[in-house]
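In what comes next, chain A is part of two complexes: it sits with chain B in the first one and with chain C in the second one.
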Partner chain A sequence: MIAIEDWRIYEHPILKFDRGKEVTIYLDGKPLKAYKNETVAAALYANGIREFSKSIKYRRPRGFFCAIGRCSACMMEVDGVPNVRTCVTLVRDGMRIKRQRTIADWAAPFLGMMKLPPLRYMKLFTRPGFIYEPAMKIMRKFTGLGSYPEKVPEVAPSGGYQGELSTEFLIVGGGPAGMSAAVEAGQQGVDTLIIDDKEKLGGQLLKQTHMFFSDVKYAAGKRGFKLGEELVEKISKLDNVKVMTQTSAVGYYPSENTMLLKGPNDTTLKVKAKKYLISTGAYERSLVFENNDLPGVYGAGGVQTLLNVYGVKPGNRGILLGTGNVALIVSYHLLQAGIEVAGVFAPSFRRVRGYFVHAAKIKRHGVPIVTRHTIVKALGKNRVEGAIVTKLADYGKPIPGTERRVDCDFICVGVGLNPAYDLVQLFNPKMVYVGALGGMVPIRDRTYRFAENAYIAGDCASIEEATTAVLEGKLVGLYASQALGHGDETVPEKIEEYTRALEEDRGSPFSTRLREALRDITVEKIEEALK
Partner chain B sequence: MVKKIVCRCHDVTESDIEAAIDAGYDDLETLKRITGVTTGHCQGKTCLPLTMAILARKTGKNVNVTTKIRPPIDPITLGSIARPPGKRSSKR
Partner chain C sequence: MSEEEMKPVQRGYYTREELEELGVFPPREELEKKRLCVIECVEEIPCNPCAAVCRSGAIIKEGLCKPPVVDWKACIGCTMCVAACPGMAIFMQWIEDGDGYVTMPYELLPEPKIGDRVQLLNRKGEAVGEGMIVNPTYQARGDAYPRWVVTVKMDDPDLSYEVRAFKILE
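And now, the complex of A and B:
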């Protein structure tokens, strides 16, 4: 009899989890309990399963990682279809899930013994020329994520291409910025379409269970998920704002001014819009340390998703890496759910860079915030069993001999965010690397335009707070309405009001670098800057 | 096996990238072609910034361009673009 593990949270001080009715799924033939509203990955995790797949080359165990369908760690065979991202696939009663296997899985220990120096394997079997083809045939058996099924699986047919749609304003990304823009543009009578790749709008707001502060009028004094719900409700009341969820942008073709969207049930759709808003947010920054791919090393967003969306405990005792608000907030969310936090390890000196309010909150709960420390190694064979942390010298190098072991069963990397650069770049903007804004961002003008027909708002414009994303979104909504020839006489008034609020929000002395960076990349006329 | 993984999709390690830079592949486009970094399922969503950081550290260059981005930026099936609307499989 196998011990039944259940990592679900049934009592939470703030959140209530609507899991839906109980269903049964099968992992490699073994029945597991799941709930209708869970994704496959969340259900497996809740049953104590940590290893989902083996990595492509070294056959290293991989588990749940990003939780938002961005990486490849959770790919499994679902109902006969190989390489399904289980973290974005909802469960169904009787679903059959298989770990993908290749010959290399049992050969992995032997392959591990053949230690080739880096880069050598790329030149292997290339000379003399005639051995290349047969060698490749054999080598292909030892790589890949799995082997293809012998016959075509009996699956629901692809929905196919759904035709073309046109709209005035297309918003990609239904987070705080995108939703705020949809509300403002919708109120001005603009024919708007907002898309998001999740099952519902809200973006990262849905995962925030803490109170926002700063300017009370726009967002603060509310818990993030409540703010998200309010915006969703406002959008649902506007008839001219259409919402498409589980839909993501896969490409933009400037010569045709067309965006290609991927919808649910394996469909695609073309959309022609007069103006676009890219509010796709950010990707999580990762860290390079030994065994950084072990199941149990997660991004902060992955932990938040597991914890606050699906109500599943990532572990019993964790450590946080990072110095910003993300690390501090996630440790607070973990504490709320009754999970022990062994410490927040921040590579910064003197004090953490996040808000004092958040730092004080977790210190009150007895969580040590250790500055000048970073992680060098994750311990464990198939899952995290501990971490080695080390002290940093003044110039950022680890001090030898200061390594110590911290016991934990998961490591949460919250070292910051990078603006999502990929969709933005398809518009052929001028990209610049700005450290103070988080990474690669496009040059924009005062109306947040970074290309002739496209606006940018939220974290993909500059890594900031949800409150600034809301204000930026509102402004873009108004600027776009004006540019599209809509909008009443209240628009200039509103623009002035939100601009002032945004300036106040960024007014603190801590934001000096951010303000200067934003000033540097804002130009008067975007058309001239792009020439 | 202790490894520092940079690209999780293609199992590219930090030492792979460093060796490639030492071998002369010292800009992002050639580095991408020799190691396969940023060409996996995720299209470089975590490894691109890490690779840029390693490149900047090793070469002392100011790395401020990303690789060329081309659609599709999210994987799609061939069926979803090839099947005409409304047409169903004959079996079902």
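And now, the complex of A and C:
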């Protein structure tokens, strides 16, 4: 008999989890307990399920990585529809979930031994054209991509947004930057639409249980999720700000100035807006080591989501990779949930990369901070059972013979973020790689414009704190209102205030490289830079 | 390289000697008179809730990114800053009748209660003795999700310079 596993957290020093009423979902026909406000991935994880999908080519087990709908490792068949991102899909009573199995699964242990050409499904059999379709059918069987349902799946009505829509200001991404922009623009009377692909606004603020730094005038001392709730409430009070959740922007067509949105239940919507704001945030970086795709190797942010949004324990004993603020904060969040942290490992040489106070608050609870170390391998067959770490010599070379085993049942990778620039690129901007800002970012002008009609703010403009994202969002909201001919006489005053606050926020030695990088990629007139 | 040879920002803690050099602790005779705040925030980071909540004007920040400076004469030991510090880097310390007292922010479970025996932890997370909770307060400051501010009593007054966390014993 299988013991019933429940990984949910019922007592937390900071949070109270509103899970909603109990429902039953079925995984491969087996009934499981879930709650209404949980996503499919969170509900499965709470029931002890660690393997969500298999890799396409070698059929290796995969767990989730990011838990915010970016990584595609948690895709499963839900109610007959294949390739559903289970981490952003809410459960429903009686929902039927299936792992996408294939006839190649039995051969999984042998697949690693050979190079398998037929499974490069994107490039093969495209010519001559007539063999593509039958070949595709066979290949989908092997790759586990699933097949389309034979009839249109039964769906709930999508809320009245269909066809075409026009608005003055379209904000893509409802995190701190997007929401702040919506509030400012809404207050100036701009007709605004804000969209987000999650079930509610808030972005990554919802999982921040620690208090923020920065100036008390702008959210310092508040816990992150509280700040998120406040912004959501402000938006809900503004009649001219429309909100669409569970809606992704999937394309932009410059010639028609139209953005294509995909809403819940496969509805599509064309939106023409005068100004756009791209505040899509960032992706978590991964790290290269053996078995880094094993279920149990998660993004630090993914663990935070699971832990603080859904109240599900990622495991009993974990290790963190990286010593940036994210890794240090996540270790503290794990301690708060009563989970043991076996160590924070990072190749940092001179110092922890995050703030000292974050390091001090986990160190005093006995969490080892092990610098000059890196992970070489995750152990375990179908889930993480340990990790091998090694010491590094100068210049980051592993010292042979210093490998040691650390027992843990999950590994959090917190080695930084990359701006999510996919949508930005569709506006034909001038992209540059800037390490200090996190990766590929567009050249922008002083008003945060990177194309004639589009603004950028938050982590997708430069990887920084949530508090700077809030200020950037506020500024963009004001600049956009001005450009759209709205805005009262207080706008220039506010712009000056927020600009000054932003400068002060970036005044610490931690931001020296960031300040220089921002100066380098900011131009006077974006139109001229784009010529 | 052993941990002692590393820089504080690499190993995650300062030793008592290093902090004394930085002038973090008030003079011993002041600590025997009243409860005073000890701020172990030495880096330049953009932050100011401590100075904003200080009612007596004892915490001075010259700029958003400058580390706070304490005026021990003005400090009234109200513990507002302990609750407000986002970095959990502010503590209260004093010595009374030969016993040491430390007030610390606390955001873990189980809930602290008067009379609970605790294991005292120093900045490295090592157990350095046992103590007792004498005054747990739940400080709200208008924040719906506040934190505990817990005062722990210990027999050795010297320990109050070391203890920065605790674990409630069953």
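Definition applied: the second predicted complex is superposed on the first by the 479 of 531 C-alpha atoms of A that agree within 3 Å, B and C clash if a C-alpha of one lies under 4 Å from a C-alpha of the other, contacts with A are read in each partner's own complex, and residues count from 1 in each chain.
The criterion applied here is as follows: a contact is a pair of C-beta atoms (placed from the backbone, for glycine too) under 8 Å apart; a residue touches a chain by one contact, two chains touch by 3 or more.
These numbers were taken from a predicted model, which means no experiment stands behind them.
Q: With chain A superposed, do chain B and chain C clash or fit?
A: fit
Q: With both complexes overlaid on chain A, does A:Met75 touch chain B (first), chain C (second), both or neither?
A: After superposition on chain A, A:Met75 lies in contact with chain B alone.
Q: Examine A:Pro13 and indicate which partner it touches, taking first as chain B and second as chain C; both and neither are also allowed.
A: In the superposition, A:Pro13 touches chain C alone.
Q: Per the contact definition in the header, classify A:Phe52: touching chain B only (first), chain C only (second), both, or neither.
A: So A:Phe52 meets neither chain B nor chain C here.
Q: Angle at chain A, chain B to chain C, CA centres, as a multiple of 10°?
A: 140
Q: Between chain B and chain C, whom does A:Met440 touch in the aligned arrangement: first, second, both, or neither?
A: first
Q: With the two structures laid over each other on chain A, which partner does A:Gly163 touch: chain B (first), chain C (second), both, or neither?
A: first
Q: May I ask you to decide whether A:Lys222 touches chain B, chain C, both, or neither, giving the answer as first, second, both or neither?
A: second
Q: Minimum Cα separation, chain B versus chain C, post-superposition (Å)?
A: 26
Q: Where on chain A do the contacts with chain B and the contacts with chain C coincide?
A: none
Q: Sort out for me which residues of chain B touch chain A in the complex.
A: These residues of chain B touch chain A: 1-6, 8-11, 13-16, 18-20, 23, 34-35, 40-43, 45-47, 49-50, 54, 63-66, 69-74, 76-77, 79-89, 92.
Q: Hey, which residues of chain A end up touching chain C in the complex?
A: So the residues of chain A touching chain C come out as 11-15, 209-216, 220-223, 226, 335-336, 338, 348-352, 355-367, 369, 371-372, 467, 504-510.
Q: Please name which positions on chain A make contact with chain B in the complex.
A: 55-58, 60, 62, 65-66, 70-73, 75, 112, 117-119, 122, 156-163, 197, 248-253, 260, 262, 266-268, 283-286, 288-293, 377, 418, 421-423, 425-426, 431-433, 439-440
Q: Residues of chain C touching chain A in their complex?
A: 1, 6-14, 40-49, 52-53, 63-65, 84-89, 107-109, 121-126, 141, 143-145, 147, 164-165
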